[in-house]
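Both of the next two complexes hold chain A, though its partner changes from chain B to chain C.
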Partner chain A sequence: MESVMEQESRSHEMGLHTEQLRGRTQQVFFTPDEEANFVYPDAPDVDFNKRAEFDAAEMTSNEVNLKIRELMEQGHGTIVIKNPMARHSLGVGILNRLNLYFEGSLGYFGVGLIDGPNVRISGRVGWSCAENMMAGTVIIEKNAGSTFGAAIRGGDLVCKGHVGARTGIDMKGGTILVGGDTGAFSGFMMQRGRMVICGNASHNLGDSMYDGTIFVGGEVKSLGVDCVPGEMTELDKAWLTRKLKQYDLLPDKGVDHFSKYVAGKQLWNYDNLEPTEKKLIL
Partner chain B sequence: MAGKGGYKGTEIKDVDQFITGDGLDSAREKEIGQHIGYRYDVNLLPDYERVTPFLKEYMERMGWDDLNWLEDVHMGYEEGRPAVFDRNINGWVTVPEDMELPDNQQDRDMLARELLIKFQMSTRHPLVQLNKAYRKF
Partner chain C sequence: MCGIAGLIHRGKSSNVGAEMTAMLQALKHRGPDSTGFAVYGAPKEGLFVMRFKLAEQEDLAQGFAIHQQLRDRKAEVDRRIESSGAKIHDSEQATEYAFRYHLKFDGDMRRLADYIEDVEGVEILSLGHGLELIKDLGDADVVSGQYGLKQFDGTHAIGHTRMATESAVDIRSAHPYWAYPYNDISVVHNGQITNYWNKRRDLERRGHRFVSSCDSELLAVYTADKLESGHSLEDSLHQAIDEIDGVFTYLVATRDELGMAKDVMAAKPMVLYEGDDIVALASEEIAIRTLFPQEIDTFDPYEGEVRVWKA
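Right, the complex of A and B next:
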């Protein structure tokens, strides 16, 4: 294994320490005529029609995750895992296009940190499913635990049953769809993205949300701090209809009964002068 | 509780507002000399009538029925220039100066999505270099 010194020397040779960044603007420009490549440069080339399956009953979580990587390296684009036995951290960190099927339930932190795959889970999932998900689709046929989709950044995360508390806590993008009800503090500290609850939402929905949109088809027990009703637009309705139909969640009566909730922007406190003003008053 | 009182930032009224102006539009922004909030509507949903052939091909290749993570990608404006935020480098990537922008935000967002895919999946992306330099296993 390379020493830290050797790695640092190589990064200097590559010019990684000389590039000047101004503010948060990256001084590398797009090249519109760049050759179209739809996956990350180091992602294995997989074929959705090449299918593999294995039984995970006697395997550890680590062994299952390594097996998925091995099959992707061999070009398998569809992988079926039987008997996941509700083990934790299964199917994590997949940064490629892939069809992944779990025949059974997952434990905590299932399919976290993924960027691209389409996952279908026939059973239930534990806490923090698809935590920090970047892209792809995850469909859970039954119920999900708390902090479902914690800090999700992109992609579609779907639970056809009910979910626990703090759904989409700290979500920074993406779409969370819940076919049933959701627990308390759903959308807590949400920063952007969309959450769709077809059933009811418990107390403090959207508490301390900074941005993003929440749609609820049922009743809301109470709204959290700075979560306010928003105006439903025709674009909202078209998007909701399309998305719910895509996952077989569209109610027979359509989407007209859905309510929309957004941030009141009372917590937007990015004003440099305000702390000084407060000091003067006090 | 922080930030009591009404929202004091800019309301977006024109598609070129942050290219032609300095972002200091509301009374409070003029007073403090600082723009408050985003320079684009982060909640704007995509109009699927305007999806480009390139994006359709991308969706098909990935096995998605819609734009998926790209629904959160918009054309933003940084330092008076059109730019796209790349979450992988946590920074803005500016759009080439000679590129003509469409006259509406929906088409600009589609353009931003195309550019971002090409940039992120390119071997020129900074993460590829970082990977080569620092990967341990």
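Right, the complex of A and C next:
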């Protein structure tokens, strides 16, 4: 079996370690100005200085989510929810700017499918937090369950504690920052974006990743298929420093100890041959 | 997808029946078909406690004759217990088909269990010193109410809400499982075991018996086999991670221990709260929150992780 170092050297020779953000979508349809000013047609016009809070202890998930919508429609731009009691699917599908605070823990699928809000959770989150998140920030003060940030497309997703298995599975953009350790198969089938793990990463990191970058501050138990070490550049270090500092996660010793992992791009799906050409070879 | 839960009090007893009922009711959405409890109370000196059923719940809809058949089966069970040299100390009837006996017996436990189960329709749900295993169709509140579990004091308990995927919706296929006829071992499991038949045949060749075709029962028998061979509970859990294929998270309880194991893919959930005097774990934190309404620190055990706690 080919060693990790051999994979790395081969992928470097092929010039596959320069991450470039390319693509028609980014070049043509979204300029930074447009993105900053983008709002959904039915998004309520909220005022961040208008604050509301309510106690969710005796409410169902559906009632909590309806209450959030009702408050947003009344123009509240800052909403505080007390005692979420680890209920599932809270704060999902919010497609406008909002400051949302959960004083407690969320269950599964918390704040999924969001596009824009800034969310802070003082407790822990269960599986699949912020799944399919498109923009905004989500900050979790304690631990998170598995499939954290599955398929996110944008925004910053931050967990200050430890995170379970398959963190950032299928992520297509955005940034995931983990203050502690992550479980197995983190970055599985990652397609774009950046993941930063300040602690240790478990087995099969970046398994079958297509693209994107993973930074690890601690030890990596093992790399997954086609995940290889990348070259840490000064640009990477500057970005890491800025990003970790932004969320109070910058270690005292800085970021020099971080290692970088990228896709080796040796999987069959990166074969550029047409099926007919392939047949000829076979 | 099924829901599993466990709790253990360190150095004290509590109303584990009511506590486990609340936890499992919160997990009802994970499995509405049946609910099961394995609760561990204080053993009565020199007595075994046996839970058994005379028929499946669905059998009661088979006509008027079943009611007389149940009475006949019960009389035959009593006769066989007496003729085996065991003495019924006291008895309780939970439903028309489910009973709880305290027995005084110092003979061959397997022989006694085989003899009782030879009566048509009879299945021993548990037989041990501390373990009592209750399972039936319906949600946790229904089953707990039927069997008077909300007044059950003990040190630890495990429980299961079942969504039937690979076997029938009946009591026989409901969790928890015990490892017939080994005392005081019970298992609840969430997942699928893919080398079930290989391992089952292996265990059957070693003389073990299976009462169902549910893959979860394998874990109970597997654990009993390991403990019988002199391994500790912790060793058996570590070995299971290497030897059992599939995706699984499971809990095992013995007379004074509670253990958990999670497979190397970590595909099945488990949330854990570890306090000074109690440990509670469940498929979802929402179950643990029924015991702790205040903010607590919980976490997911990692892939391949094994933990064991003592009562």
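In the analysis below, the second predicted complex is superposed on the first by the 230 of 282 C-alpha atoms of A that agree within 3 Å, B and C clash if a C-alpha of one lies under 4 Å from a C-alpha of the other, contacts with A are read in each partner's own complex, and residues count from 1 in each chain.
One rule holds for everything that comes next: a contact is a pair of C-beta atoms (placed from the backbone, for glycine too) under 8 Å apart; a residue touches a chain by one contact, two chains touch by 3 or more.
In this text, all values refer to a predicted model and were calculated from it rather than measured experimentally.
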Which superposed partner A:108 touches (first chain B, second chain C, both, neither): second
Residue contacts on chain A - larger count, chain B or chain C: B
Chain B versus chain C as contact partner of A:82, first or second or both or neither: neither
Touched partner set for A:260, first chain B, second chain C, both or neither: neither
Chain B versus chain C as contact partner of A:67, first or second or both or neither: neither
Partner chain(s) touched by A:120 [first = chain B, second = chain C, both, neither]: neither
Chain B versus chain C as contact partner of A:146, first or second or both or neither: second
Touched partner set for A:239, first chain B, second chain C, both or neither: first
Partner chain in contact with A:134 - chain B first, chain C second, else both or neither: first
Overlap of the chain B and chain C footprints on chain A, listed as residue numbers: none
For the chain A and chain B complex, residues of the former touching the latter: 1-2, 7, 10-11, 14, 16, 21, 23-32, 34, 36-42, 48, 97, 99, 116, 118, 134-137, 153-156, 173-175, 192-194, 211-213, 225, 235-236, 238-239, 242-243, 246, 262, 264-274
Chain A partner contacts - residues on chain C that touch it in the complex: 264-267, 269, 271, 284-286, 288-289, 293, 295, 297-300, 302-303
Complex interface listing, chain A residues touching chain C: 57, 83, 85-88, 104-105, 107-108, 122-124, 126-127, 142-143, 145-146, 161-162, 164-166, 183-185, 202-203
List of chain B residues in touch with chain A within their complex: 1-9, 28, 31-32, 34, 36-38, 42-43, 45-48, 54, 57-58, 61-66, 68-69, 71-72, 78-79, 83-84, 86-87, 89-96, 99, 115, 117-126, 128-134, 136-137
